[in-house]
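Naming follows writing order (A, B and C), and every chain is counted from residue 1.
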Amino acid sequence: MIRSGFDEMYDANGQVRPHYEAFARWLADTPDELLAQRRREADLLFHRAGITFTLYGDEQGTERLIPFDTIPRSIPASEWRVVERGCIQRVKALNMFLADLYHEQRIIRAGIIPAEQVLANEQYQLAMQGLDLHRDIYAHICGVDLVRDGDGTYYVLEDNLRTPSGVSYMLEDRKMMMRLFPELFAAQRIAPIDHYPNLLLDTLKSSSPLDDPSVVVLTPGRFNSAFFEHAFLAREMGVELVEGADLFVRDDKVFMRTTDGPKAVDVIYRRLDDAFLDPLAFNPDSMLGVPGLLYSYRSGNVVLANAIGTGVADDKSVYPFVTDMIRFYLDEEPILKNVPTWQCRNPAELSHVLANLPELVVKETQGSGGYGMLVGPAATTAQIDAFRERIKAKPHAYIAQPTLSLSTCPTFVENGIAPRHIDLRPFVLAGRETRVVPGGLTRVALREGSLVVNSSQGGGTKDTWVVED
Amino acid sequence: MRLSISHETAYHYEDQVRASIQYLRLTPHDSERQHVLSWQLDLPRPVRAQLDPFGNILHVLTLDEPHETVIIGARGQVDIDPLREAEHESQSALPFLRFTRLTEADEALRAFAAQQCQQRRDRTALIDLMHGLNQHMLYTPGATAVETSAAQAFAGGSGVCQDHTHAFLACARSLGVPARYVSGYLFSEESEHLASHAWAEAWLDDAWYSFDVTNQLARPERHLKLAVGLDYLDACPVRGMRRGGCEQMHAKLVVTAAPVITVQQQ
Amino acid sequence: MLSRTASDLYWMSRYLERAENLARMLDVSYSLSLMPQDGRGDGLHELAMPLLITGTLDDYRERHGDLHAERLLHFFALEAANLASIYSCLGSARASAHAVRGRITADMWENVNATWLDIRGIAEQGLNRYGMSRFCEWIKERSHLFRGATYGTIMRNDAFRFIRLGTFIERADNTLRLLDARYEMAGDQADAVSDGTAHAYYQWSALLRALSSFEAYTEIYREAPGARHVAELLLLRADVPRSLRACTEEINQILASLPGTNGRQAQRLAAEMDARLRYTCINEILDGGLHAWLTEFIPLVRELGDAIHSSYLEVI
């Protein structure tokens, strides 16, 4: 059941929360026509700048604009500090888990995670067994997805440890807000985020034992849905944006082809899934990867960020164990909560799930992007029945969670301003130290009542503010 | 039994190749069953040996001068202990439960495995499975290709050792038994001849047992092991790519010469 | 710089320059087609000229059959299925720019992207409603804007050099082809000592206007346009920016300034071409026949383009 939700801007009595007061005053004082005009201006600017994404399965590769909402999502600084500590704690534990899993496997021997759950998992990469990584960091760049329940409690929905995207929208949204409404930033202190590319470059450089490594961004190419972001980050960091065909391996070392001959590559920020990295070691049909890359990597001649095989730690069937990992590796209590999760692979939990489908959210353990999921309360009986069959056929491929209400934030819609559901993805960078830029990407489900915020499913974005309280 | 091997593979390309890269798993290593007395690879240029994720000895050969031929030679002597049936290893066998594109078990394979083994998960059950697959899939060179999956070959009712092995792996894993692909050489006494071959190993009672579906052998007396993996792609002796005159890489090699293998039994 | 990046920059500017040149070609043909024709009133012969020059006339006939003014213009300017149309060139330029989004400035990218979005709008309303002359002017204007944004914002590095290389290779090729075609159209009168007929006058002045060189011509020669001086102006004058000589001089300098040693072949070809133009004169060219000379030179430009490819853009 959808419970009555938590609104970011208004409390239960309809009063504006203190950290939104300055904004609410400004909103009341600004004429509607001016706001409408600025919103049109934002659309035009985004289109001109080509800040677009491509939908999977769209054969024409049509570029779409991710709708941008001009009402920011605001977080009081005191609240943010807790979220920040929680994300850092989580990413530290996940990196320790990966290092342990690919070496001694203490956590399995301690009986905390069943061996089969991780070792027989497709995302567990034998190629990583026994391989030592600089600083023991596997996931250098993580996106932690958070939502808030009816009482405002933050929950971690998933940890994205492979190739999380969206940070370019976080940065562009801020740029756009400052361009459209500079007066808002003069009126109160909003934590800056535009140093993210510097932090990212610093993180990537610190992932290599070399003093001044040569860094590149590896993209699947211009037809990838997140190509804009790959190009954006390469440009902001001042490094080369390469495709697989631009790189080659000679004697276990990676080089790029340049107009001036071969040039060595030391760190690859790859936005390409494991299976496509090396057609001689993984998917043989991949035309996106670099033949020989795996052995250059295993020889320690090049760093991949993130490492190969991080997917085993953000797999939805491993997610329920993250709070235990925090206790096991850090000897701390988890700061952020997990959503209670039923694993359909366990017969008892499966029957509970099948009996309660209309109230649950069911997800594929290895799915992402909001594809292949069931939102029980929003689904028709026919959809639920069809999903029931899919779960029964492959129970190990699904997990289920209670339907969280998700907090709302006022959002511009066709008939003015109305509450819409949102989530939050802070970006965590793990290098010499583990850091998060204040805020993150707020995604908003633009359809009334919808809980799916993914851009591929009609979601939009908002600027995210951390304001001093 | 002592085997002497001399194995030469020659690749001839129709057009000049601008650059090529090959993953070579052509070097056996010592184990409980086999002892390598001597082994040598003859390659166009010196290459460092390393271990791949499955513990196989791997050579990565990169050639970036234009060439039309690549000749790869392997020579050596190996002692095989015909009495030892199983091999022990410290690494967990659980990763060998997962399916790959080539070893995906469809409904037909799952049903076949269940019917052959019922509730049994022991060696005799898998021996029954081995015989069953051999009868179901007639040994037919040319009926399948390198990229044929277990399900496709099983549905077609024919195949070669690669298909037999893939089908066995799909069935065993569907029963919850870890199983892996083995590539190597098989000595046949009738022809005094050694041939490239593939068979399966399954994890039973904390050890790896061999199942050669093609020859219906559950004792690997005449098998020299080169490499193991989840499927053919992980374990095959040579996997390579080249960059030709045009811009694209070609995933498949043009192989025009059959391997020449000689052996003497001593 | 990455070879692929250099290739995308080079082709981005080639396609933009090509779009501009196609518009110039179209402009001259369209204005000439409005002139009183010898005994015929439709000007179709003239309108087919740009297709003849670009080698797309057969493709047109296959798709649309007989010559038809409106269809010809649409095919040449806006047809998406015609890979040589102005529309397609702008699409290709935009795709290349998209791929090297990180290596060009925001001003340059926004210009290319906005041009692409706009021409899609124009294609929807059609040339008739938008206006033919206005369309050609608009294309030229967008090209000027891009060049201005490039000169005004991008760092003077290899990216800038490959962008300019693309521009001048494309422009050299275009000037040669356009001159050749107009020379043929002028027919017998072209070689006459004083080709002062009205027909020839309009042919040559339309060509000069299309290449924005009319003012340069009158300032240098102070007489009505004729074959000899037009050819001299467009082939040998280093101070006329769309002349062949101006292009080869630029190409020669750019290639000489690129780092590395893998470009020797391209550098030699460019230097030879430049020297050849520098030390010849128009009489020498006309003695052997202008058409013959042009026919020999056009493949040299293509050969230079190929050498640039193998030296810098497709390195192993």
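The rule we apply is simple: contacts are C-beta pairs under 8 Å (C-beta built on N, C-alpha and C of every residue); 3 or more make two chains touch, one makes a residue touch a chain.
By chain, with names taken from UniProt: B = Transglutaminase.
Nothing here was measured: the structure is a model prediction, and the numbers come from that model.
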Distance-to-centre winner among chains (Cα means, whole assembly as reference): A
Farthest chain relative to subunit A (centres taken as mean CA coordinates): C
Centre-of-Cα separation between subunit B and subunit A, whole angstrom: 40
Centroid distance [mean C-alpha coordinates] between subunit C and subunit B, Å: 59
Centre distance in Å when subunit A and subunit C are each reduced to the mean of their C-alpha atoms: 47
Shared interface positions of subunit C, touching two or more other chains: 316
Sequence positions of subunit A contacting 2 or more other chains: 245
In subunit B, residues with contacts to at least two other chains: 19, 64, 247
Complex contact set, residues of subunit B against subunit A: 19, 21, 23, 48, 50, 52-54, 58, 60, 62, 64, 91-92, 94-95, 97-98, 233, 239-241, 247-249, 251
Interfacial residue positions of subunit A with respect to subunit B in the complex: 105, 115-116, 119-122, 124-129, 245, 248-252, 279-281, 284-285, 287, 291-292, 295, 298-299
Subunit A - residues contacting subunit C, complex: 47-50, 222, 227-228, 231-232, 234-235, 240-243, 245-246, 256-261
Subunit C - residues contacting subunit A, complex: 1-6, 95, 98-99, 101-103, 106, 109-110, 113-114, 117, 158, 162, 258-260, 262, 312-313, 315-316
